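By written order: A, B and C. Residues from 1 in each chain.
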Amino acid sequence: MTTRPRPRSVGFTLLALALLIVSLVAFGPRLLQAADTPRHGGVLLAVIGADPPSLDPHQESTFANIDMVAPLYSTLLQIDPYNYPKIIGDLATEWKISPDGLTYTFKIRSSVSFHDGSPLTSADVKASYDKIIFPPAGVRSVRKNAYSAVTHVEAPDASTVVFKLKFPSASLLDNLASPWNVIFPKKYLDRDPNYFKTHAIGSGPFKFKSYTRGSTFEGERFPGYFVKDRPYLDGYKFYISPETSVRAAAIRSGRAYVEFRDLPNAEVEAIKKQLGDKVTVQETPVTGAWGVSINNTVKPFNDVRVRRALSLGIDRYTMARVLAPLTGLRYVGALMRPGSEWGMPEAELEKLPGFGRDIEKNRAEARRLLAEAGYPNGLKVVLKNRNVKLPYQDFAVFLIQEWHKIGVEVEHRPLETAAWFSDGQDTGNFELIVSPAVEFMDEPDQFLGRYATGSTQNWGRFSDPQLDDLFSRQARALDPAERKRLINELEKIVLQKAYYLPGLWWSRNFVQWTKVKNYVAPPNYYTNQKLQDVWLSED
Amino acid sequence: MRTYVAKRLLLILPTLLGVAAVVFVIMRVIPGDVTLLILGGDQTGRIDPQQVAAMRHQLGLDRSIPVQFGAWLWGVARLDFGTSLWTGQPVIDEVMVRLPLSLEVAVLATIVSVLLAIPFGMLAAVRRDSWVDYLIRLVSIGGLAIPSFWVGILVILFLVIYFGWGPPLEFTPPWVDPWANFQQLVWPVLTVGYRYAAVTTRMTRSTVLEVLREDYIRTAWAKGLRERAVVIHHALKNAMLPVIALVGTEFAFLIGGLVVTETVFTLNGVGRFVVDAVAHRDYPVVQALVFLIAFCFVMVNLLIDLTYAWLDPRIRYH
Amino acid sequence: MSVNYPLVRTAEPAPLSPPLTFAREVASFVRAKPLGAVGAFVILAMLVVALLAHTLAPYDPYLADYSAQFARPSAEHWFGTDEFGRDVLSRIMYGARIALFVGFSASFAGCSLGAMLAVLSAYRGGTTDILLERLMDILLAFPQLILALAVASILGAAVHNVVIAVAIPIVPRAARVVRATALSVKQNPYVEAVHALGASHARVVLRHILPNVMAPFIIMLTAQLGTAILAEAALSYLGLGTAEPTPSWGLMLSGSAPAYAEKAPWIGLFPGMAISLAVFGFSLFGDSLRDVLDPKLRGR
């Protein structure tokens, strides 16, 4: 039986519909937001694999330091946690670069206070940067040489900081965004520049609570933080556990919610299988690569044919396929990260020795080169390595297998870390040595400095004036297109002459319980450690 | 007796000095030093030779080895073990953070092992060549044969996979929170205890067997004493000497030797600390820890020898 | 074991049973000590596998088959493959070589050196004794880890260096045991008598002391075999033992085998079982050997 809807009920229906639509439009987004409103409270529990020599980031280079103390401090500039590699201010609200590139002026935000209540002014920024760039005697500053362009730092008034340079530096802004350049209160630095090796007073969202060496590190919420309503967490706690499988087990059992560095694929698979949706895995490429340094000063490696043969003998594309599930080494690239703004396009890369797709042709060429260089029956070499399984050992196992196919027999010598540094960097006592390059961002100065003559990171001890020239030109090239052109040229020379054997670029698995919200894993474990906007959806 | 004790005490000194000297030299011969590690960081550091030289000078590493050794000895004589090269903190403080946990594990594991080993060892000896004996021997050898680092990992994995439970990751002393302390330590204590029970069971079995062959035991049997009286009242006392010796030396080893156990069960103990210190080339810490461990070892041996000498007069006139 | 005492000769008891042939000795050992026989069997099996690895192993242990990473145990790969696609069974077989090599070499070298020093120490007595005792004390109290680290750092991580690192801690332990026996032999009246009759030191040591310390020496040797294999595994776990890609059981068990424990348990399971079985075998055999050789336990 059909009834014709009466006019009054039609009107009501239409009104109801209209009201519904209006309310949805007006309140809908807020309704959705309510489900995602950050919750205040809770302590973030994390596991970490080591603890650092000291708590002063200016003096350390290990993730163990920066991961644990970053939430306690602020920096002048930072990399946008949600938008790598964009640079935004942390303490700086705005900045100007003079047209000649020799003066950088920063405005510091007002009403920032340190954990002890004292206000933060430009004097603190100047004192901290003086410590980084011009460290007093007895104080080490690991990254000092990145600021060789800076002549001095001025603080003309309480809210302005000025950097004066002697030549333009295309990377200065990036370097100033380094997570390691934390700002300390000047009054403690004046008393003792090494004060912060054992104390932590900063202006960050958390303040220092306790530290038991070898065991735990805790920070608690700083109510006077300059960003209103932050941080969301009541605190954070790091547990120190050196064995990777044990850290993975800690995540699985819920004793920890997050591991900030990396967990191997096999562990991640097992965690996902057991916890399903309770766990989120972010796989990110890393600003780091593993390769092999060749000692260019030692026979037969001073012969470019031998070096090139070694590079040709590596099937990097198969290596990526084989090693990715084991170690995270996944991307084939040159000396700057593929996929970043400086990465070499594939088409160009494939033309360089060792990066061509036809591996049989490459191997034949390698054997021919070796014969030409005087080794028709192959070669015996010693490959030194660090005795850490992932990814060092697995990387070496693959290389050994590859070089076997071109008649190069490798004796593998894993060394303890201290001995590895000693042989590689200090004494140069090696033929081939596995050496990685990992930095806190895709920064050409940082990655390419090691190919310049006399650089302390030039483990291969080679010297090529063309490279030195290209490097210093790119360091001053303020136009990104020109800079990239210079960088690619530099890369081509290094790879043609095979001064260094690049391997693969790395990716990491960042594992967290899903209840940890609002954390985007950056492409390395040095940045985005402040935990300012992180919240827990449940305890 | 007193001369024996005095003589033995005197002999400790050269042993300790000898160990200290050998470790001293070895550590400095091994390539690499702490400056490279700190400046190098993970692998991202810039190891600037000037900074290296400055640091080495600051830490006193550029002095000659005999000078360094002399300085260290002088400090030890005043009970000052120096400051850690890695952290700059006094070595004593660093050690004291870790010592209570290692001691607790060592004591508990020894208790567990003794409680298991003595009854089972005796049983195996008394029922020699029976299926009881075979079973006990097989189980004890099992405890020794499985590599220690695997047992720990397997325990953790088992707990996590089947119960979704993991032990706590930080140490709470038993007087603060006994339940948390228990949760963290029960698994490593059982794992280590089982292993040492295996060793001690075998020793107990063999010493009891030896003693049971003695003439005075045969006399006891001939007198018609019951088995329990013979075994417990006569054999056990004499069989215990070597067992006590073994337990003592094992205990001394437990203080600094549980590297793998501590790593796997996330225990911030002395064993792991030694490994880390060696890896960091933290000479003062390594010296102090080796000294401490050697001291424990030597003292325990001394106590055992004194016990033997007290019980067996023949030894004193050696 | 019979000892020749040239002057002091007891009357031989009248033989009550015919002298045992080797086969009969073996048979009686098996009957008397079944566990020991099992141990001996395990050791023999290991020896056979180690010696014939190149014929028995189905694949080259270094050959990485990238199309078969993490393959489950199957007809093609009885024990599966590891993370590089290397056949686990072949690696276990070749690993037996390394395990036995390390076990025997380290144990033999350590025990021999220890025994020699002990006999010297016991026989000479006096200052030599005190000095050597101090040396043994120092070696005993010395942490093996640092020693292994030193050897690995200075000489490199390789199998023969692992042998050195493992052998040195064995020296004082063997010395201790042998010294006690040597002392008791030396104090025996007949040794004094032999001296009085003009026997040289060498003769006394070789013909009287050494034969009597054989028993504890052999016991120590077999006891340390298992320990040596475990020590190599522990050192490889810490990165101070053998180096990749050597197919050593300890190395196969270390590093990422725990990470693969759920995805590919066979990677760690078989080396673990191999090590356990080897140590089991050595221990069982050693125990029974001691029961047989130790005069006090012979029950006569």
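To be clear about the criterion, a residue touches a chain if its C-beta (ideal position, glycine included) is under 8 Å from a C-beta of that chain, and two chains touch if they have at least 3 such contacts.
The model shown is predicted, which means the values in this text are computed figures rather than measured ones.
Top-ranked chain pair, ordered by C-beta pairs in contact, is A-B. If each chain is reduced to the average of its C-alpha atoms, the one that sits nearest the average of all protein C-alpha atoms is B. If you average the Cα atoms of chain B and of chain C, the two centres end up 23 Å apart. With each centre defined as the average position of its C-alpha atoms, the distance from chain A to chain C rounds to 48 Å. For this pair, chain A with chain B, the centres built from the Cα atoms lie 41 Å apart. Each of the following residues of chain C touches two or more other chains: 149, 153, 254, 258, 261-262. Among the residues of chain B, those in touch with two or more other chains are 30-32, 153, 157, 161.
Contact with two or more other chains is made by residues 245, 415-416, 419 of chain A.
By the touch criterion stated above, chain B contacts chain C in their complex at residues 11, 14-16, 18-19, 22-23, 26-27, 29-32, 134, 137-138, 141-142, 144-150, 153-154, 157, 161, 202, 206, 209-210, 213, 256-257, 259-260, 274-275, 278, 286, 290, 293-294, 297-298, 301. Residue ranges of chain A in contact with chain B, taken from their complex: 47, 53-54, 59-63, 137-138, 140-145, 194, 197-198, 212-216, 239-243, 245-246, 249-250, 252-256, 274, 415-423, 425-427, 435-440, 456-457, 526. Across the complex, chain A is touched by residues 30-34, 36-49, 51-52, 54-55, 58, 86-89, 94, 97-98, 153, 156-157, 159-161, 164-171, 263-266, 268, 272-273, 276, 279-281 of chain B. Taken together, the chain C residues at the contact with chain A in this complex read 62, 64, 66, 69, 83-84, 149, 152-153, 156-158, 239-240, 243-245, 254-256, 258-264.
Listing the residues of chain C that touch chain B in their complex gives 34-35, 130, 134-135, 137-138, 140-143, 145-147, 149-150, 153-154, 226, 230, 233-234, 237-238, 250, 253-254, 258, 261-262, 268, 272, 275-280, 283-284, 287, 290, 296-297, 299.
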